[in-house]
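What follows are several structures.
Each of the next two complexes has chain A plus one more chain, namely chain B in the first and chain C in the second.
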Partner chain A sequence: MANAIGRRGFEAMLIRSSTIFLMALILLPIIVVVIMSFTASTTLEFPPPALSFRWYADVWDMATGENASFTRLLESFWVSLIIAGLSALGCVAAGVPASYALVRYKFAGRAAIEELLGLPIVFPAVVLGIALLILVSASGIDFGIWQIVIAHCIIFLPFMMRNCMTALKSVDPALEEAAKTLGASPLRTFFEIVLPLIRSGVASGVLLVFVLSFNEFTLSYFLYTVDVFPLSIWLFQQSNTSFSPAIFAISALTIFFNAAIILIVDALVGRGGGALR
Partner chain B sequence: MQHEDCALELQNLERHFAHGRVRAVDGVSLTVEPGEILSILGPSGCGKTTLMRMIAGLEVPTSGQIRIHGRDVSSLAPHERNVGLVFQSLAVFPHMNVEKNVGFGLRMRKLSAAAIKSKVDTVLDLVQLPPDQFASRWPSELSGGQLQRVALARTLVTEPALVLFDEPMAALDRRLRDYMAIELRAIQKQLGIAAVYVTHDQETASTMSDRIAVMNSGRVVQVGPPPEIYNRPANRFVAEFLGDTNVLTIARLHERSGVAQQVEVEAGQRLAVSADDHLAGGQMVLFRPGQTKVFTDDPGGAMQAVLTSVSFNGGLYHWMMRLADGTPLLAQSTRDDLGGVSSGQPIWVSVDHEQTHVVEQ
Partner chain C sequence: MNKRMWSSSKMVSSGLPNPVVPAQRPKIKRRPVAWLLLPAGLLIGTLFVCTLTVVRISLGPRYAEWDGWSLSAYAEAADPYFLSIVLNTVWLAVASAILAVLISFPIALFMVRTASNFARRVVLIGIMLPMVISLLVQSFGWVAILGPDGLFNQIAFAITAEPRTFTLLFNSTGVLLGLVQTTIPLAVLPIISSLGGIPVDLEEAASVLGAKRLQTYRHVILPLAAPGIIAGTILVFGFNTGAFVVPLLLGGSRVSTIAVIIRDQMGTLFNWPLGAALSVILIVIALSMQAANRLIGARSQFER
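Let's look at the complex of A and B:
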């Protein structure tokens, strides 16, 4: 008996310690970035000899000071924000109706399409980046911000659709049929019954696409131009040219920004979803 | 021939699946009079649900016509038909409270908020869900019976030309189901809305309906009032579907005398059947266990059998027996007619010729 209990205690300890190890492995780089952003030193010495807000002040100056137009930090932030917003909108517009069709209707090639949806997730982004760059150059058209938005829609649509399809599969088709027999047109049924019931799935899809697009680097690297210069590219170039701890401050702010968006959307959807019981 | 005054008229309705290899509904013609409840009764897979979905517009007929109050609705979408449907799963909208659920159809018809409120309150009173108590409740806070009433109220409030019921009480326990069946019939009669009730439960069908249409393999086998269906079934399927039935195969006609005619059944014994029945080859005699009498001694003209088991439930004695060739028979009575006889002993069984019914095999 004692042996069995001892063994169970050992197993529990093993599971706990490996979980802590994995969590530490995931969180460590983020923690290092956050700690380093508060360094008082101008070097990359870790741990920081002293703490200060000087690099946050530096970032504030880069964004709003007289050198702001030269550093273009704020401009890059807005570009990333707009790209993320448009990508999320594009994925909703394409993903929700496409998910509905895939879940509710039987047609030739449906299974193949469902398989294809998983493809961009395993597809090398570098290859897609090169391919899109060739297409854009060959067309000779200046797509401006849209060339990154379209690229992001292509790679992030599956994330949107997976969320929507899971939500749709849990909606009883009889609910839609009931609405129709009560006098609702198909379009009305979609907006009155289907959309409210898949709202949280759609919202989490939007959130995922927004955050993924905001942070995306590989495709942006191939498709950015002097006018369309996302924050991820900006950070990369800064760290290549002049590595100052201000980079850590910007990175830490980006992490806080992402976390804030996730918390806000979660609170909104969570509260709305509460009415469903 | 068209009946302008029929609430519902189906003409030779068909629905095929798998390129015509499966005929889920195979040439059904039916009428429902205004204010009438017609039950469509049949085993699962008989096509009754497909038939009902075609009437509602949720399924497209392969051929045939559907008329509601004389208007051909065959090519109309569900929301253009004004046909109410109470679903088996009830399909109460989980993201709306009772008031919003019940008012849904009225909102789709663009009624004013005040008109919706007053109609919803009236119908909630009708289904015995007092609005001040239930209007703001969520579906998750209601019992099965209450959800049932919400689904019913939601359909009735739109004043449909016809209401369809898809076994909405299947999930309720027996006692509640019987109670709801009687109440549903009372509400339907009060409003005078024509209704079609689809079920596989013959007891609910008998309690609810003015007429029953029995379906099997995509076809309507027999239509009539419940007593007629029960007492004069068109064939063995109908007889057996509506309760326990004794079935004896007729071997040959023996003799004909006045009001009765004697036949010899395959067990080799003789039985009197009504003289009204036209006898030809390959027929069967049907009679209900409740009409079957048992005796400890031969009363004259009875068939001999061997008792196989006795049981008592539901206030009735049930005697299982076998004829000489092994054909099983069941007899029921409130009195213990075979007191003291145990399994394996010989008994005698007879049935009044008025209570027998001859059908084609």
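Let's look at the complex of A and C:
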């Protein structure tokens, strides 16, 4: 009973109801987009007068039909998927070894390096985007898709590292020592002992970077080209030119896609939701 | 596998007082660290080069950014118009940070105290979604909510019979709401970690000593949760000083932030030095917050 102090009765009820209210408020725009996507009307009236799947059918026609203005939709979707996949791989390649170095080794400047690696979170994306654009055009090299991928790797690296470092901290160093004592090389120890143990942390980091990159707007806005035209830029242009409920249907589809990935991350992380902390 | 490697690792791990170990340790360990940090270092190095580029261009004359040197861009940036936008950005970031923390505190309390793992996970997913899902997509939702015939005005209409009571879209109210909503996780996560570290015994002790619940909050819980609250405030502030998408989409042309005018100066007006000077100001604001965070000693979630 004593343990329950403030954990039940009026106080707990107040906290629970304010949480529910605030959560509803935070999620309101997302809920509205999903509801709007089912409207039967051709206007953007909210709440919709009637519900239907007509705009999803419309999107299906756009994606499969011959309508020239929408052939870019599928193309943009693939571009975004490729950028997100490459960014996630890049973050793994950079984040996993760096996390390992920071967690397992003691060296001069360790704290400073850890600090530096967290910097991209507060570094203004607009500045990064513009500076990269200036550098790329000054270099005269056509980076193609890589200019967005590199930008995404930079800003999402801290998210990857946070997941990896949390996972690595839970691995007992004695296991690695044991493997090394038994004659395994450091590389073999890493791939056969450490990696399997941090697998779910790495996987949730990969998925997090994937979905963040898939949805990223600011850097894509500065670095897109006619050939590399991500979905977020496609949506932005459509919303400026022809704003129809079909935009909401496409948006809702990306919401479902993202929500599914977040659910997988949550399942990978397991009970308690530790990784996103 | 390699015999030399085998023997040296064995010596390190055996823990026996072997005089060779202290001498060898740095030799074995230092080189892998450099290699391990290399890929991440290249990414952060690119960020560093970008910063230098921006600083360089801000110090160049217009149309000859790479050749000459001049401080005229900073003189231009000191114009009252730009100063008002800098102030407006800082104000939006401060207000959004305070609101985000106020909203996050009860949510974090709930997540720390609930006995249900399921509820905790649902709330966690709920606060992550607005940060992860495209801001563009969410801004479509905000337009439907805040617009002249949107949800809020319809509710107001039902109550007061006064059409279009609120103008929320394309002014700072809408921008502020958007900024708060998308940065909630940055505030919730540090608060959770500091709240989670408060033993329930302390609350009991306060209660035994006759403290009312409000007094316990005021004198026990809030002071102990302060590092997380401060870390969350600074993180949201730092993130929102660079706000671009939300003001671009919800502010129309009426609400400008530093990031939006940087885009205007660089992209449409081709005044690179001025855009770069404003970028330098933006970087300084964002990084000084990071430094303040360090000085206060409140370690935020992301650098753990």
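One rule holds for everything that comes next: the second predicted complex is superposed on the first by the 247 of 277 C-alpha atoms of A that agree within 3 Å, B and C clash if a C-alpha of one lies under 4 Å from a C-alpha of the other, contacts with A are read in each partner's own complex, and residues count from 1 in each chain.
In the analysis below, a residue touches a chain if its C-beta (ideal position, glycine included) is under 8 Å from a C-beta of that chain, and two chains touch if they have at least 3 such contacts.
Just so it is clear, the structure is predicted and the values come from calculations on it, not from any experiment.
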item	value
Chain B versus chain C as contact partner of A:L89, first or second or both or neither	neither
First (chain B), second (chain C), both or neither touched by A:R188	both
Per-residue touch tally on chain A - higher for chain B or for chain C	C
Contacts of A:V33 with chain B and chain C, given as first, second, both or neither	second
Touched partner set for A:I145, first chain B, second chain C, both or neither	neither
First (chain B), second (chain C), both or neither touched by A:P196	first
First, second, both or neither for A:K180, with chain B first and chain C second	both
Touching partner for A:D172 - first (chain B), second (chain C), both, neither	first
Which superposed partner A:L74 touches (first chain B, second chain C, both, neither)	neither
Common interface positions of chain A, toward chain B and toward chain C	177-178, 180-181, 183-186, 188, 276-277
In the complex with chain B, residue positions of chain A that touch it	172, 174-175, 177-186, 188, 192-193, 196-197, 275-277
Residue ranges of chain A in contact with chain C within the complex	2-3, 5-7, 11-12, 15-16, 18-19, 22-23, 25-33, 36, 44-47, 90, 93-95, 97-98, 100-101, 105, 107, 113-128, 130-132, 134-135, 138, 150, 153-154, 157-159, 161-162, 165-166, 177-178, 180-181, 183-186, 188, 208, 211-212, 215, 217-218, 232, 235-236, 239, 247-248, 251, 254-255, 258-259, 262-263, 266, 271-273, 276-277
Of all residues in chain C, those that touch chain A in their complex	1-2, 5-6, 9-10, 12-14, 29-30, 32-33, 35-44, 46-47, 49-51, 53-54, 57, 66, 103, 106-107, 109-110, 113-115, 117, 120-121, 123-130, 132-142, 144-145, 149-151, 154, 181, 184-185, 189, 192-193, 200, 203-204, 207, 213, 216, 235, 238-239, 241-242, 244-245, 259, 262-263, 266, 272, 275, 279, 282-283, 286-287, 289-290, 294, 301-304
Chain B residues touching chain A - in the complex, by the definition given at the top	56-58, 77-79, 81-85, 87-89, 91, 93-95, 104-105, 108-109, 138, 140-141, 154-155, 158
